[in-house]
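Next come two complexes built around subunit A: one with subunit B, the other with subunit C.
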Partner chain A sequence: MWLWFSKLGSPKWFYELSGRWLPWLVIPMALLLVVGIVWALLFVPPDYQQGETIRIMYIHVPFASISLAFFPLMAVAGTITLVWKMKLADMVAKVAAPLGAWFTALALMSGSIWGSDIWGTWWIWDGRLTSMLLQFFLLIGVISLRSALEDSDAAAKACAVLSIVGCINVFVIKYSVEWWNTLHQPASSFSLSDEAPNPPEVWVPLVIMIIAIYLFFAVSLILSTRNEILERERRAQWVQDLVEAQ
Partner chain B sequence: MNPHRQKKLSIILFVAAGLSVTVGLILYAMSQNINLFYTPTQVAQGEVRAGQRIRIGGMVKEGSVVSANDSLQVRFETTDYVHAVPIEYEGILPDLFREGQGIVAEGSVDSSGVFHASRVLAKHDENYMSQEVKVALDAAGVNTDNHPSSLILPES
Partner chain C sequence: MVGRAATTGQAFRATLKRDLIIAYKRKNDVVNPFMFFLIVATMFPIGISPDPDRLGEIAAGVLWISALLASLLAMDNLFRADYEDGSLEQLLLSPHPLYFLVLAKNISHWLVSGLPVVLVSPLIAYMLNLPDAAYSIIFITLLIGTPVFSLLGSIGVSLTVSLGSRGLILAVITLPMSVPVLIAGTLTVQETLNGASLGGYLAIMGAMLVGALTLAPLASAAALRISVN
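And now, the complex of A and B:
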């Protein structure tokens, strides 16, 4: 296992392996995105109280749920950087921060549009919305911290520490709707029965969209990591060979 | 794993655990401030001063909504089914506003116990379904009242 672990840490090995993985992620992602979006926009029945506005949920929930993955991901990568000094882990951590900021911003914006129509306000300082905004600012903080420090080793360590600390906020976001009273509703529980709240006709397209957006996250992360590998390893022989082969 | 790395890893885990406990305690201490709204029971029991700007969250009591014919003035009661607080409001209500709906209102209580709202927001629960399913459930006598759990006091 340790051999496998150190092998995965080699940027060259990851570059080659991820190149072979990519089509197996991109093809299902494209299929599920098309099926999910068409289903959610055209075939989901209007909600009994929210009407057509319910369709925003099929964008909002996938983005909101995947944006909670970024801090744990960066914290794991950061811990590997601090303890094992693996180059690849820091590359992943570096590209994850701006991606996370985009995903968090999309969750906040889609939520605002939903709220402005249904709640009657686009923003309220309740536990869920505020902790999610805090995550956005923490990610901006991680990005700024990395670009502020000249020494890339020091920057990697500082970002790793901030990512581990920022992880605590993920629990606050997740449980905010249960610990405190908020305007935001808690997470739904799905029902297998057709005649119950949250029946399959509501959640099956949602699950499709969630898987599609998770794959989109994986593809974006792998593509940006590959980019970062080429950037940092540009003096390595294997990258030179790759460029010449083009 | 060599001892040096093991030591580093345990320092990281220790610091992370310590920070989590600290943040947890701070949030627990501040929970009354983090809560978005007061319940009608808290207001009825005098937990807030008259004139203090607060939010109140509850259900719109069935049969309590009275709207003026010539203005946007509306009067209704909000309840957690233990206590009810009368609310006066002038302005546009969210589309979801109706009797039996969860709401959060911003404003203040006057000395006679009436809440003067400057803004009324709708709070819905986490149950989504089509009109057909809703009708079928109502016909079958299943309770699908839109009652966000945080608006109702736990039954004791």
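And now, the complex of A and C:
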């Protein structure tokens, strides 16, 4: 167990292993994405209330749900960085922050487009929207702290502390913002669960899209971690061999 | 006392006393956040409307946001001077738990920069036409809420203390984290005015203060050890 753990910390080992994993993630991802998008955009029956606009859900929900995973991910990676000083954990944490900002921004934008049609406005200060926006700001804070600190070792540890604090804070913000919202305006149920039980032809493509976007998340995280490994280990012999082989 | 090591309690009191004396000798650091609070609060009637009814509606929010910004502005001198003259390193080398020393610095910093803002808040509340019943509530909630701002801010300051220009990055890190306190504070004022009982809201704010007191100095201490090496 511990041998495996310390092996995983070695960037070279991860680079080789992830190279072998990638096809097994990319192929299902591509298949599911194609099936899910075609199904969602062309074959799902229009919603009886929302009409064709319901199709945005198949993009929005997967992105929104996966973007909640970033702070816990960064906090775990940060803890590993602080406790075991594992280089790889910090590489993952470093690439996760901009990726998380993109995913959060995509969730906000797709939700905004959806809302412009259904709610008649591009933005309301709804609890979920607001907590997503604040999560986006917190991620920007992590990114800017990382870029401001020049010493990469100090930046790694400082970002680890900020990610752990931010992870706790994201949950406090989430609950407090929902509390704020529900007290301010009558509870408006936009969530899927409040509707009548959905027929399978609605939720099966959604599940496919969620799995596809999760795989997309894993693939993008692995690809950017591999880039980061190559950049940080550029002086290492194995990286130079790799470059010369190509 | 020769040859006897100081206890953690003594170290705590010594740090507190030292910071208070320094603040007393550098009165600008005390006056600036206070003046900033007054000036920001003055900008709102000018920018929004001098109409007393409209001001009354936004007064609680204006007070809270001004207090938050004043606290953010004041945070910069929590560790900066100590970092520059090297006494922060001495603090880190001390055998006492850094938690208590950071807490002492936080307390003295709040006493000189946060407390004056709280004390003057009823006056500003009057000028902004906040309903009379809310004067005491805004005072109590700010009394509980501003230390939380300071404690959260000190995490951000500890992370950025070694940076040359850090005003904006400190704001980007700290302001989103302060949102729960802002929400709790303004909601307490509004809902008590609407007839809700104060107890439950104060309990939530108290919980935030206790949580911040317990966890924030730990995070600040860890961050300081990273920033200063």
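Quick notes on this one:
The criterion applied here is as follows: the second predicted complex is superposed on the first by the 218 of 246 C-alpha atoms of A that agree within 3 Å, B and C clash if a C-alpha of one lies under 4 Å from a C-alpha of the other, contacts with A are read in each partner's own complex, and residues count from 1 in each chain.
Keep in mind that, in the parts below, contacts are C-beta pairs under 8 Å (C-beta built on N, C-alpha and C of every residue); 3 or more make two chains touch, one makes a residue touch a chain.
On a predicted model such as this, the values are computed, not experimentally measured, just so you know.
After overlaying the two complexes on the shared chain, residue contacts for A:227 are found with neither subunit B nor subunit C. Of the two partner chains, subunit C is the only one touched by A:140; subunit B is not. When the two complexes are overlaid on their common chain A, residue A:158 makes contact with subunit C while staying clear of subunit B. Among subunit B and subunit C, the chain that touches a larger number of residues in subunit A is B.
By the document's definition of touching, of the two partners only subunit B reaches A:57; subunit C does not. Once chain A of one complex is fitted onto chain A of the other, the partner contacts of A:179 extend to both subunit B and subunit C.
By the touch criterion stated above, A:199 is placed in contact with subunit B alone, subunit C being left untouched. Overlaid on A, the two complexes show subunit B and subunit C touching the same residues of subunit A, namely 82, 164-165, 168, 172, 179-180, 183. Those residues of subunit A lying in contact with subunit C across their complex are 82, 134, 137-138, 140-141, 144-145, 148-149, 154, 157-158, 161-162, 164-166, 168-169, 172-173, 176-177, 179-180, 183. Subunit C makes touch with subunit A in their complex at residues 155, 159-160, 162-163, 166, 169, 172-173, 175-177, 179-180, 183-184, 187, 191, 215, 219, 222-223, 226-227, 229. Interface of subunit A with subunit B (complex): residues 45-50, 54, 57, 79, 82-84, 117-121, 124-127, 164-165, 167-168, 171-172, 179-183, 185-189, 194-199, 201-202. Of all residues in subunit B, those touching subunit A in their complex are 5, 8-9, 12, 15-16, 19-20, 23, 27, 31, 34-37, 39, 57, 93-96, 104, 119-134, 136-137, 140, 142, 144, 146, 148-151.
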